[in-house]
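All chains are identified by letter, namely A, B, C and D, in their written order; residue positions are counted from 1 within each chain.
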Amino acid sequence: MITDREKAAFEAGIKLGAIYHQFVGTPIARETAASVEAAIEQAVSLQPYVTKIRVRLNRDLMVSNRFGYSELAGKMFDVEITTTVGETVCRARLRLEDDYPMMEVVEIS
Amino acid sequence: MITDREKAAFEAGIKLGAIYHQFVGTPIARETAASVEAAIEQAVSLQPYVTKIRVRLNRDLMVSNRFGYSELAGKMFDVEITTTVGETVCRARLRLEDDYPMMEVVEIS
Amino acid sequence: MITDREKAAFEAGIKLGAIYHQFVGTPIARETAASVEAAIEQAVSLQPYVTKIRVRLNRDLMVSNRFGYSELAGKMFDVEITTTVGETVCRARLRLEDDYPMMEVVEIS
Amino acid sequence: MITDREKAAFEAGIKLGAIYHQFVGTPIARETAASVEAAIEQAVSLQPYVTKIRVRLNRDLMVSNRFGYSELAGKMFDVEITTTVGETVCRARLRLEDDYPMMEVVEIS
């Protein structure tokens, strides 16, 4: 038996893994970060069980290379996602912790 | 409080989402499928909490385009992954079900 | 000796290959396609030698799966890019031709 | 009129852009690097006009994170590709130059 709490956690994990590996490597700069945030939020909103998604990309880490742009790196992500399975709500996040882009379940209720 | 079962399900979700979105789009053919399977298995084995991973890509769906190759599509995946958190073991999979590449938790024990 | 025409063609190729393999697999639907188009255009605009970029994604191919969304596929792309090296301008495109997402140089001048 | 030299350069660019954006973000470590190199080489070999491809990933840059692995970064690539259009052969590469993963045409003949 898999509970709704476990399913909601599984679904949140899927989406965080997907975001990371779909978008890492995208050319980015401070001026274009908002459009990438919007595209990611809209893409993830379409996926099953997602009831809320907020994506912020850390502009401070967008250091320009010699051609004047940067590249979306895992360490730039600050994502909070909510998945809902039945009555159960799972909140999870992806954010930099001790220099590692950590994904964690924050709360299930 | 997040249980080890919930954590193990979350971690399995992360890896399935990652596999899908990292590798979809890779040029592939029946003769090269084994090398992509091996690379995915080895990559995923490195990730935290993964204790077993098996990746099979459906050769029947690798239909050649006019240049003689195909492209890794979500529908080709048949993946089974085991994550272990403490004493808890979660087995999850990604495989085609009714024409949709479905990710599910199979068992947590 | 590599001419500016050859360099401009090379640079255009880089960007088309990058667009395709960065974004294929992104969850998408007709309602969110504009945000993905905008994000791709802004990302590519940052890259060296790009002087113009237009990305259109074919909504007709965005057929809903059982969860009500689709996935960005190579066949959906209609991209036109201009690269400029010195005085030389290269126009290239990516678009569906006979069921294959073809990339071609249209004109160098 | 587009020459075979220009076409060969364009095709080489496509493949380098594709390699970079398809595989950046893949979990990697020194022990698994060979399998990723093999998978990339085999994938690219399938693509049109490619007559030779060599991919080396710089193990020295594969510094372990707290979970004991690293992630494929653009700076790790050392790629040499040959494309052939008609009688014309283009050799291009992707490698780190002054801390930037530079793509360049080396020779067309």
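One rule holds for everything that comes next: a residue touches a chain if its C-beta (ideal position, glycine included) is under 8 Å from a C-beta of that chain, and two chains touch if they have at least 3 such contacts.
Keep in mind it's a predicted model, so treat the numbers as computed, not measured.
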Which of B-C and B-D has more C-beta contact pairs: B-D
Centroid comparison with subunit C (C-alpha atoms), farthest chain: B
For subunit C paired with subunit D, centre-to-centre distance based on mean C-alpha positions, whole Å: 20
Cα-centroid distance, subunit B relative to subunit D, in whole angstrom: 24
Rounded Å distance between subunit B and subunit C, as computed from the means of their C-alpha atoms: 28
Residues of subunit A touching at least two other chains: 18, 20-22, 25, 67
Overall pattern in which the protein chains touch one another (line/ring/star/complete/other): complete
Footprint of subunit B on subunit C - complex, ascending: 20-21, 24-25, 65-67, 71, 74, 98-100
Parts of subunit B lying in touch with subunit A, wherever the complex brings them together: 2-3, 5-7, 9-22, 92, 103, 105, 107-108
Of subunit D, residues touching subunit B in the complex: 18, 22-23, 25-29, 31-32, 35-36, 38-39, 42-48, 67-69
